[in-house]
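These notes concern the structure reproduced below.
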Amino acid sequence: MAVTAMPRARFSEAEWRTRVDLAACYRLIDLFGWSDLINTRTTARIPGPAEHFLINRFGMLYDEVTASSLIKIDSEGNNVEPSDEPVNRGGFTLPAVVHRARPDVACCIHTHTVAGCAVSMQKDGLLPLNQHALQVIGDIAYHDYEGTGRSDGERSRFLADFGDKHIMVLRNHGLFVIGRTIAEAFIATTGWSGPARCSWPFSNPVRRSIR
Amino acid sequence: MAVTAMPRARFSEAEWRTRVDLAACYRLIDLFGWSDLINTRTTARIPGPAEHFLINRFGMLYDEVTASSLIKIDSEGNNVEPSDEPVNRGGFTLPAVVHRARPDVACCIHTHTVAGCAVSMQKDGLLPLNQHALQVIGDIAYHDYEGTGRSDGERSRFLADFGDKHIMVLRNHGLFVIGRTIAEAFIATTGWSGPARCSWPFSNPVRRSIR
Amino acid sequence: MAVTAMPRARFSEAEWRTRVDLAACYRLIDLFGWSDLINTRTTARIPGPAEHFLINRFGMLYDEVTASSLIKIDSEGNNVEPSDEPVNRGGFTLPAVVHRARPDVACCIHTHTVAGCAVSMQKDGLLPLNQHALQVIGDIAYHDYEGTGRSDGERSRFLADFGDKHIMVLRNHGLFVIGRTIAEAFIATTGWSGPARCSWPFSNPVRRSIR
Amino acid sequence: MAVTAMPRARFSEAEWRTRVDLAACYRLIDLFGWSDLINTRTTARIPGPAEHFLINRFGMLYDEVTASSLIKIDSEGNNVEPSDEPVNRGGFTLPAVVHRARPDVACCIHTHTVAGCAVSMQKDGLLPLNQHALQVIGDIAYHDYEGTGRSDGERSRFLADFGDKHIMVLRNHGLFVIGRTIAEAFIATTGWSGPARCSWPFSNPVRRSIR
């Protein structure tokens, strides 16, 4: 798409607003130092009757994402419009589980920060050691690591583990946060980040079997 | 207020100097990496017979604060002048306790740095392990965490715990520093920051009851 | 060489592409914070029948390296073209061992990052504590520290320890990564960096004899 | 001194070169993140028969120091030329001990880095855990902390503890490095910095009596 194109005209007002907010979210994640090259993703639901979602173009760094470059996909990760843009369908697996099962979830943010990964490696997870932690600790779920392949069985366990929480610690992996708006998911990620950074050196990790 | 307004004309010389110093203090806190988005605050007393104070406009980031944007409030957190600017009255609770009880205190700086929070989570607090620590350790008070609601009883205990010290470790929370001038409070915060950064990985935290 | 020279004309297309990629690799290593002044190096094989390699000019910082400033050497570290540019022949010792023995290796990246050195100081090396670690842990070799002098015996042990892995932890020293392309070696270094940063504070180092 | 003055004309060639190198050293210390506001100092001997030294103007930050702003003092810390520039005589105490006793020492660098302070707080000091450490460990001396007042007795013990080493760990305080040139002292500080940053989280500090 040429720089001189007028992308906004191609989208409904609702889709355009979602694109702008989601692109801003990618940029903020980069600004806060939470990105991991191309290895995580943030997805958002486009309001409306169709089950359409936005995701970053595979291979694009977080500080490169723009409103227009986001790709519209259905709940299976297929391109909605004819496109030769690459989609990270494997990366959409986990967000898709949540987006399909919970229409109230507008946004999924998945991160691999050093502090977040380190707390995810600790047997006790985030401890209630300070006020920052108290603000999020009641909203944290945990999901055990089952390997990189996602089976149907794991999808069910993942949703069950989530329950009604917004912050999911993917044990020995990272963080997965959901929100009813993009802003809510971002704020929850921020709320997790503070206590994680204070706490991560304090506990001992547990060596877990990977089978 | 328009950018072209001449704000200084609206203020007494004493108030204007306090505004400039306090805004500089907000900017320095940001520059030193001690800010926590909109979650802490710094307040200053305006010299003069009236019990008036300055606080940041709620929602403004530390690197956005200007001398003119600071809001004048009384010791209850009410706007002194007609204004629709939002005031973080909950955030003024703790500074108000100090400002009302101790006219000698010109400035309260409250921070949530990673090192400061981490030391606040340690049973022994700051240990006398190096020369930096010796320079402040005699001036440090500790106040146990009692939850997010501030009762009258806690206000009394908070003042009693402070005694004649300038640096208060809010256990399992963060730091609260006072000074007879804005500069003094800033320097004391700096003096705490060095030993906290050297020391925080060394002690074990204690899990505290939050009731 | 004057700035106005047209360096590309002096090189074959294959050499020029290797120069551009290797210089980009030096710049990326600097950008990611993995450089250590002039104390490590990255080398690349120039495709073709001759056993020629590129290395940085000794004394040049990583953010100063350019495609044209790289020096062409043979497998003994001798300048291939008449030149008074200094070559770090001692620094080429270890890469030379790999480049001579394994024609499939196009690039060697040697780093001394804080996290990488710290993990190299730990008895158990990198632990399988998170998904990042799982992505590289099967591709990691370990070589015990034998001192700064490199004997013929050590060269054999170094190659034997490497086996068919791409990531070598030089115990009590740092990291040595190889790839069939410059990009592959860089990506493997990136893949190591994440779990190393999450893991390094968790294990206890072991004091090793240096004889 | 006005910006338009030609400071160089006021100085001998030897003094001017020392000024330029020492100012560069201050700037590099700031660039490497080793400065501590106005709380440390670096001093250099001006070559020549007179026992004259250069020190930063008290109150100037490291990134503000210029060749012309450095102050010329004698071995007692007195201004050599009529000047109303403030000299940190207390801060010159320790460098003066070395400069007077050892004419071979051209430069003293005193720092309070987080990693350096943290290692200084550890009973065993820097451990021989990696190659970086091996490069400096034979050149490290230790001096126990005796408080902030420097007695004649301590000066003797300080020199005796230094022996013929270049890197002095001031226990529970920081680092003091000397060199026969400004560059040598800077390189030695760099050589210490790497292993200190790798090692500081690994050992347990010891609580020392401060009397």
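The letters A, B, C and D name the chains in turn, as written, and every chain counts its residues from 1.
Rule of thumb we're sticking to: a contact is a pair of C-beta atoms (placed from the backbone, for glycine too) under 8 Å apart; a residue touches a chain by one contact, two chains touch by 3 or more.
Just so it is clear, the model here is predicted, and its values are computed rather than measured.
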- Both-way neighbours, i.e. chains that touch subunit D and touch subunit B: none
- Message: Given that subunit A and subunit C are copies and touch, would you call their interface same or different according to whether over half of its residue numbers are shared?
- Response: different
- Message: Among the chains here, which has the CA centroid at the largest distance from subunit B's centroid?
- Response: C
- Query: How many degrees of rotation map subunit A onto its copy subunit B on CA atoms, rounded to the nearest 5?
  - Reply: 90
- Message: I'd like the Å distance between the centres of subunit C and subunit D, where a centre is the mean of that chain's Cα atoms.
- Response: 34
- In whole angstrom, how far does the Cα centroid of subunit B sit from the Cα centroid of subunit C? 48
- Each of the following residues of subunit D touches two or more other chains, namely 201
- Which of line, ring, star, complete or other matches the graph of chains that touch? ring
- Full enumeration of touching chain pairs: A-B, A-C, B-D, C-D
- In the complex with subunit A, residue positions of subunit B that touch it: 36-37, 112, 114, 117-118, 120-121, 145, 148, 172-174, 200-201, 204-205, 207-208, 210
- Task: State the interface residues of subunit D toward subunit C in the complex, per the touch definition above.
- Result: 127-132, 134, 190, 194, 197-199, 201-202
